[in-house]
Amino acid sequence: MAELVRRPIDAAALAREAARPDCGAIALFLGTSRDHHQGRRVTGLAYEAYEPMALRALEGIERRTPERFEVATCRIVHRLGDVPLAEASVAVVVAAAHRGPAFDACRWAMDELKRAVPIWKKEFFAEGGEAWVEGRPLA
Amino acid sequence: MAELVRRPIDAAALAREAARPDCGAIALFLGTSRDHHQGRRVTGLAYEAYEPMALRALEGIERRTPERFEVATCRIVHRLGDVPLAEASVAVVVAAAHRGPAFDACRWAMDELKRAVPIWKKEFFAEGGEAWVEGRPLA
Amino acid sequence: MRITVLFFAQARERAGRPSLALELPDGSRVADARAAIARRYPALEALWPHLALAVDGVLVSGDATLHTDAELALLPPVSGG
Amino acid sequence: MRITVLFFAQARERAGRPSLALELPDGSRVADARAAIARRYPALEALWPHLALAVDGVLVSGDATLHTDAELALLPPVSGG
């Protein structure tokens, strides 16, 4: 079950929950906030979502991932609100019998998340000011 | 610094230590012990290493990964001795500015680990008996 | 009929509010709602070409019909992750 | 000269021990050590074609020279991860 949370993402718990006796591979991706973007120093990020639609979209990715790849499970958590530097804004965890499909699936799920989920990121700059990150039109 | 450990691998600590303010992406791979292999039920695994040579080989992978990929760091921990089912035998963590290189580098490091590090895995079977997993000649 | 309009991210900031109750003639389509919102919020003008629209959480085109209590969301280009 | 032989995994089990102090004539090469070990541990026979050999942690061929206190390791195909 996908989650939208307003607290730090517990990557350890996600990895632990993903571990299954029939799976030999867990691929975990964490998107963390970065201190620079297109040459400007970033001091923090904030995320906003159309929550019910975003949750359904994330659940759709979780469901479609094991249909497209030889993986057992996909689990996605996205953080909303302020995210301090170096903390995770998103976690995607995939469990599979083998590592090739685990990597492929984790990457695909992340690409889908960036493409098709109504979530928006705002950056706050060291020099002052803030801006919504240029995104991709939903389609 | 690569590590060979005889206790559970702390994936959360690895992810936390990998998080850097200049990196937006952390790819973490966990190899976990699986309850089946080539049709036989497996009840546990044990790993053995030529420890000084294995450590040097792992450190070599950690060093070469950021040379080959646009990533900041690579960190590898391998467990030795008995590993209960569903616990991690290995963790590879890569931190990078962007997710593409993070995934590529994590995967490459894992492939190298399987190819070029003197570590051996033994499986214990539900029906009784045990066997060294058929491996790849070191070269 | 009355619908709820939801503004997100840049759209929310330009509209100066997160939501709006909008009264429309029965039989209105998404394009009609869009025209009514555009009249009321000229600050959205530069954004319209980049917005996706959803009714009750499903992406729609301007032809889509609306119903009482529909939730119409203005969705700027997304940047999650 | 005296070297230390290290047996790992299948090699350790077949030899029945993890290590061995081996006395060799001065000037011996890895191939000479290998022949001496093979004589002493016939149970290793089926394994030899699959073994890699390392001296002091570095992979070597049979031509490589040995030195006093060298550590010669018998390394079956690896299966870490």
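Letters A, B, C and D mark the chains in the order given here, with residues in each chain numbered from 1 onward.
Keep this in mind: contacts are C-beta pairs under 8 Å (C-beta built on N, C-alpha and C of every residue); 3 or more make two chains touch, one makes a residue touch a chain.
This is a predicted model, so every value here is computed, not measured.
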{"item": "Centroid-based (C-alpha) most distant chain relative to chain B", "value": "C"}
{"item": "For chain C paired with chain D, centre-to-centre distance based on mean C-alpha positions, whole Å", "value": "75"}
{"item": "Centroid spacing, where centroids are CA-atom means, of chain A and chain B in whole angstrom", "value": "23"}
{"item": "Whole-Å gap between the CA centroids of chain A and chain C", "value": "26"}
{"item": "Rounded Å distance, chain B centre to chain C centre (Cα mean)", "value": "49"}
{"item": "Multi-chain contact sites of chain D, meaning residues that touch two or more partners", "value": "none"}
{"item": "Overlap residues in chain A, where contacts from two or more other chains coincide", "value": "31, 110"}
{"item": "Chain pairs in mutual contact under the definition given at the outset", "value": "A-B, A-C, B-D"}
{"item": "Complex contact set, residues of chain D against chain B", "value": "6, 8-10, 12, 50, 52, 54, 57, 59, 73, 75-81"}
{"item": "Touch list for chain A against partner chain B, complex", "value": "10-12, 15, 19-36, 85-88, 97, 99, 102-103, 106-107, 110"}
{"item": "Footprint of chain D on chain B - complex, ascending", "value": "31, 47-50, 52-54, 56, 78, 89-90, 110, 113-122, 132-139"}
